[in-house]
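Two complexes are shown next, each including chain A; its partner changes from chain B in the first to chain C in the second.
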Partner chain A sequence: MIKVGIPRALLYYQYYPMWKTFFEEMGAEVVVSPPTTQTMVSEGSSRVVADTCLPVKVFCGHVLSLVEKCDYIFIPAVRSVKRRVYNCSKFLGLPDMTKAVIPESPPILDIDIDVNQGKRKLYHNIYKLGRHFTWNPFKVRQAAIAAWQSFLIYQRLMSCHRLTPPQAIAKMTGEIEPKAPSLTQTTIALIGHPYLLYDEHINHRLIHRLEQADNKILTPETLTKEELQSAIARLVGRAYWTYEDEIVGAGGHYLQSGADGVIGLMTFGCGPDSLMMDIVRRASKLGTTPFMSLTLEEHTSEAGVTTRLEAFLDMIHRRKRRQVKVCA
Partner chain B sequence: MEAYLGIDVGSVTTKLAVLDKNDKLVTHIYLLTQGKPIEMVQQGLKQIKQQLPKDVNLRSVATTGSARYLAGVIVGADLVKNEITSHAVAALQYNPEAQTIIEIGGQDSKIIIVRDGIVTDFGMNTVCAAGTGSFLDHQALRLNMTIEEFAKRALDSDTPVRIAGRCTVFAESDMIHKQQMGHRTEDILYGLCQALVRNYLNNVGLGKEIKPPIVFQGGVAFNQAIVKALQEELNTEIIVPLHHEVMGAIGAALLAHERIADNNNGSKFKGFGVSEVKYHTSSFICKACPNQCEIAQISLNGQVLARWGGRCDIWERDPSSQKL
Partner chain C sequence: MRIGMPHMGNLYIPFKALFQRLGVDFVIPPVNNQHTLSLGVKYSPEGLCIPFKLTLGNLIEAAELGADTLLVPGGSGICRLGYYVTIQEQILRDLGYNGEIISVGFSQHKLSGLLKTIKHLSNNAPWPKIISAFRFGLAKLNAMDRIERIVQKVRPVEEVKGTANQLFTKAINAIDKANDYAPLKKVQVDYINQLNQVTKDDIQPLIVGVVGEFYVLLEPFSNLDVESELGKLGVEVRRTTFISEWTKFTLFLNPLGVNEKKRIHKAALPYLKRDIGGDGWESVGEKVLHAKEYDGLIHLAPFTCMPEIVAQNIMPSTKEDIPVLTILCDEQIAKPGLSTRLEAFVDLLERKRRAHNN
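What follows is the complex of A and B.
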């Protein structure tokens, strides 16, 4: 059986169930790289030029860990998933960049996803991808439809059942039953790209730490499209960047309702993030919900993250405590 | 006598403060950490014991600072708090009206924004140490003078030179350039103070609404030239509390007292005897997964008291277990 490798990085958290279904329908076996480790980060960093952002370095580490474990590696070039809304250049050139820096990589399956070029072109690209496995266009069409169905189920698990992407993936692949959300008093909303929020290595187990400290976690995925859209419309009018939802949309929403505090995660040197996070920061000044942004990079010390997190939670708890005292 | 102890172990100095039941400062200790946090905590305990009355009853103990977990294990702390909260609590105890708290320590610098007695925002320096005490220490060393002399002479400046303070390395080359141009040492010194203040306000204070009254705490507040430079840059008065250098420890002691008021449990404090025992520290690289975490452990008489440094908690869960 043909083995297709999928790196557990970048867009994995948004589209993995869709990709998995597509390749399995095509008769291939899907191999996912293991969760990020320090070795992956160091090996990935050694391949790329110095000013590449951390998530791309991590991505290269994942590709390296898949070398010799599969026949193909799937790396899509996601240019645009919405009309006149653009993706970061690092995503656009991902397959070509990987080919250049990891020459020993198995052949890369790439596909251009760009809705600005129209549906015809998109379908053509999907058939082109399917041709690696079959010459039968009907089989490709069927696989694509099945893949789209799993994507819808995946999204519903997150927005209706309030599961995080790793929990939803676990549920769909039948690995473990996700645990029920706890009923605690403090609710912390996390905003940022899924590849930062759910990569425990990059973010120093942020979700785990927050849950250990008895906080309920909210993430961008648990919001509906309408909630995200209305927040974006209020703050910036119209989105420019593809993944603006998860920062400006979610940040704008949670600052107004549902959360006791909002934590924004971004990587050092990310252009789009630095702009979007600043929009959220400015919005936070107008309201009363506390906001803190954490900038992550490979030199981020655990101590710095811990101290900031503890101080942020103390700030929220002490404020609540005082409100209780004033009322009593 | 009922009392509460706060211990603040920072990168450069170790501070201890004891408060009585009315939160009045009984005594305090200020020591250089010299890279030996365990020994300094032990020495601090020994010294502070001599200054306290015989009948003292420490009802609650809290630790803070960058070595707060280590210090917490050594003394048996009831509470381990981050230094931002500790500094805010202490500052508000002495100046309830404060709206901005500036804290510049050895390697950390922080800004805390307070409105109506509640912390609303804070900032902390990231990887850069250019806006902290070690920046001045380093430059004083280069000019071959003590930091006390540095502060005194900087105040004699009348036309301070402008020094690029973005980075310690650039500041140094700029300083050498200014020396070679023939500027007075006093003017260069005050220029360095202004560079530190600019750097602090541009990095840590970025995007923060700095409103008076402003309280300035931490070891760097000893430096009158920095206070003057801050006053000039912010164009307002800067309040330096009497015990500015031990405010972190005072804050920890206040939080220790607050803990007793909340739930009156007994204290886990191991007693002043811990200053006599010999702690043993060691480290190893965990081989359970490819992450290669450096696990540090502290033990007493062969018994492991605590381990940390891992990305997961397999070593922290049960410190008494010797094996994985």
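What follows is the complex of A and C.
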């Protein structure tokens, strides 16, 4: 059986159930790299130039961990998933870049996703991907439809059942049941790309820490498309970056309602985020909801993150106590 | 209406000519200097690239000089450029600027969009007048670039270092002053002659290509005038990116289906299969394409530039192997650091050439 490796990084958190279904329908076995470790980060970093952003370094680490464990590695080049909305260059160059920096990697399965070129081209690209497994276009079509179905289920699990991507993936693959959220008083919204929010190694178990301190966590995935769109329209007019929803949309929404505090996560040197976080920061100045932006990189020490987190939470708790007093 | 726009190299000269002919008030902010950079850095989000910071500095200085209509480069694409307008507008508004901000997008409407913007700016001047003014601006642009190409050739071989640069500065001023086609032609011929008559050493200079991101290639302030530095070290610089070329192709020939970059893209294909935005594809392609003619390559990129980082990662893996020195430009770049690296690079190229000749 052909083994297809999928690195647990970058777009994994958005599309994994879809990819898994597609390859399994094609009769392949899917191998996912293990959760990020320090070794992966160091090994990934050693392959690319220093300025490359942390998520890409982590991605390379994951690809390295898959070498010799699979026959192919799946790395899509996602250019655009919405008309005239673009993606960061690093996603586009990902297959070629991986090939250049990790010459020993198994053959890379890449696919161009660009809706600006029209549906025909997109279907053609999907078929081209399927050709690695079968010549039968109907089988590819069936697999693609099944993949799309599981993507829709995955999204519904997140937006209706309020599950985070790792919880939703766990539920879909039947690994463990997600635990019910406990009752808490403070709500903290986390905004940022899924590959930062849910990679526990990169963000020093941020979600876990916040939950331990009795906070309810809100993430961009738990908002509906409409809520995100209206916040984007209010702040910037028209979306320009593909994954803008996660930052500008969610940030704009939570700053206005639903959260006691908003934490923005970004990595050093991230091109789109350098602009988008700034928009959220500007929006935060106009309202009263506190906002903190945490910039991550491979040198970020855990102590620095926890100190800032504690200070931020203390401030929010003090604020809440005062508000309660004023009301009484 | 007073119009202000950011600098990029000597681009203000053709624009000045264009607006003068149309009788529009045009403010030229001070050419890029340390103050411009500090202003830009002060008000920009920290993670942004140097083109954003410098152009923001220019816009602030133009507004201080009384500009009430600012032209901001925009247009969609994959790099951050498409988002500049959104943020620069917010920053300028926060600073109390309340004039008009016009985004000049080059990627969608091309020529017609640009001409329409000019029509709007010139208070609805008649089309023939706009077109003639536009042509005159282009003529100045072409004259400047023609002279610059020769300057690039003279710099490494001139006997007295700095002669070509002095002549270039004078030529730019003369072009700026020329008020019609005839004087312009005369200036061009004049300076080309003078440059050709400069006494030259009889040496075979090393040839180094300069590739990378558009803005840092064309704005000497942002790259600490790396071309002159290389000239001083006796290296001939080859650059394919010129504004006049870019204008010729992007505005006129690309819509007709002529694409000058096809050759470069084709060369990059085995290593990078798709356009990754900005100039990343071209950087890889030029390395592959010119590996035989050039002795080395200088790759210029703004710090945190997304497409160029991808290109930088891919470049070492190409079969066509020439030494590449990547120089990241940001507000921290300093002359001594740059010169040291350039000297070391040139030494390496010279040794390589000697070894090859033996």
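Note that the second predicted complex is superposed on the first by the 328 of 328 C-alpha atoms of A that agree within 3 Å, B and C clash if a C-alpha of one lies under 4 Å from a C-alpha of the other, contacts with A are read in each partner's own complex, and residues count from 1 in each chain.
Just so it is clear, contacts are C-beta pairs under 8 Å (C-beta built on N, C-alpha and C of every residue); 3 or more make two chains touch, one makes a residue touch a chain.
Given the structure is predicted, the values throughout are model-derived calculations rather than measurements.
Overlaying the two complexes via chain A leaves chain B and chain C side by side, clear of any clash.
Of the two partner chains, neither chain B nor chain C is touched by A:Lys3.
Of the two partner chains, neither chain B nor chain C is touched by A:Arg209. The vertex angle at chain A, taken between the C-alpha centres of chain B and chain C once both structures are aligned on chain A, is 80 degrees to the nearest 10. Once the two complexes are overlaid on the shared chain, A:His201 sits against chain B while remaining clear of chain C. Once chain A of one complex is fitted onto chain A of the other, the partner contacts of A:Asp273 are limited to chain C, with no touch recorded for chain B.
Of the two partner chains, chain C is the only one that A:Pro95 touches; chain B does not reach it. Once the two complexes are overlaid on the shared chain, A:Tyr240 sits against chain C while remaining clear of chain B.
Taking chain A as the reference, the larger set of touched residues comes from C, when chain B and chain C are compared. When the two complexes are overlaid on their common chain A, residue A:Arg318 makes contact with chain B while staying clear of chain C.
Looking at the shared chain after the overlay, A:Arg141 reaches neither chain B nor chain C. For the three-chain overlay built from the shared chain A, the minimum Cα spacing from chain B to chain C equals 7 Å. When the two complexes are laid over each other on chain A, chain A has residues 281 in contact with both chain B and chain C. Against chain B, the residues of chain A that register as touching in their complex are 37-40, 200-201, 204-205, 281, 285, 290, 295, 299, 301, 303-304, 306-308, 310-312, 314-315, 318-319, 322. Interface residues of chain A facing chain C in the complex, by the touch rule stated above, are 48-49, 51-53, 77, 79, 84, 86-90, 92-93, 95-97, 99-101, 103, 110, 112, 236-237, 240-241, 268-275, 277-279, 281-282. Partner chain A is touched in their complex by these residues of chain B: 66, 81-85, 117-122, 124, 126-127, 207, 209, 289-293, 311-312. Looking at the complex, you find that chain C touches chain A at residues 45-49, 76-80, 82-83, 86-87, 90, 94, 271-278, 280, 303-307, 309-314, 316-317, 326, 328.
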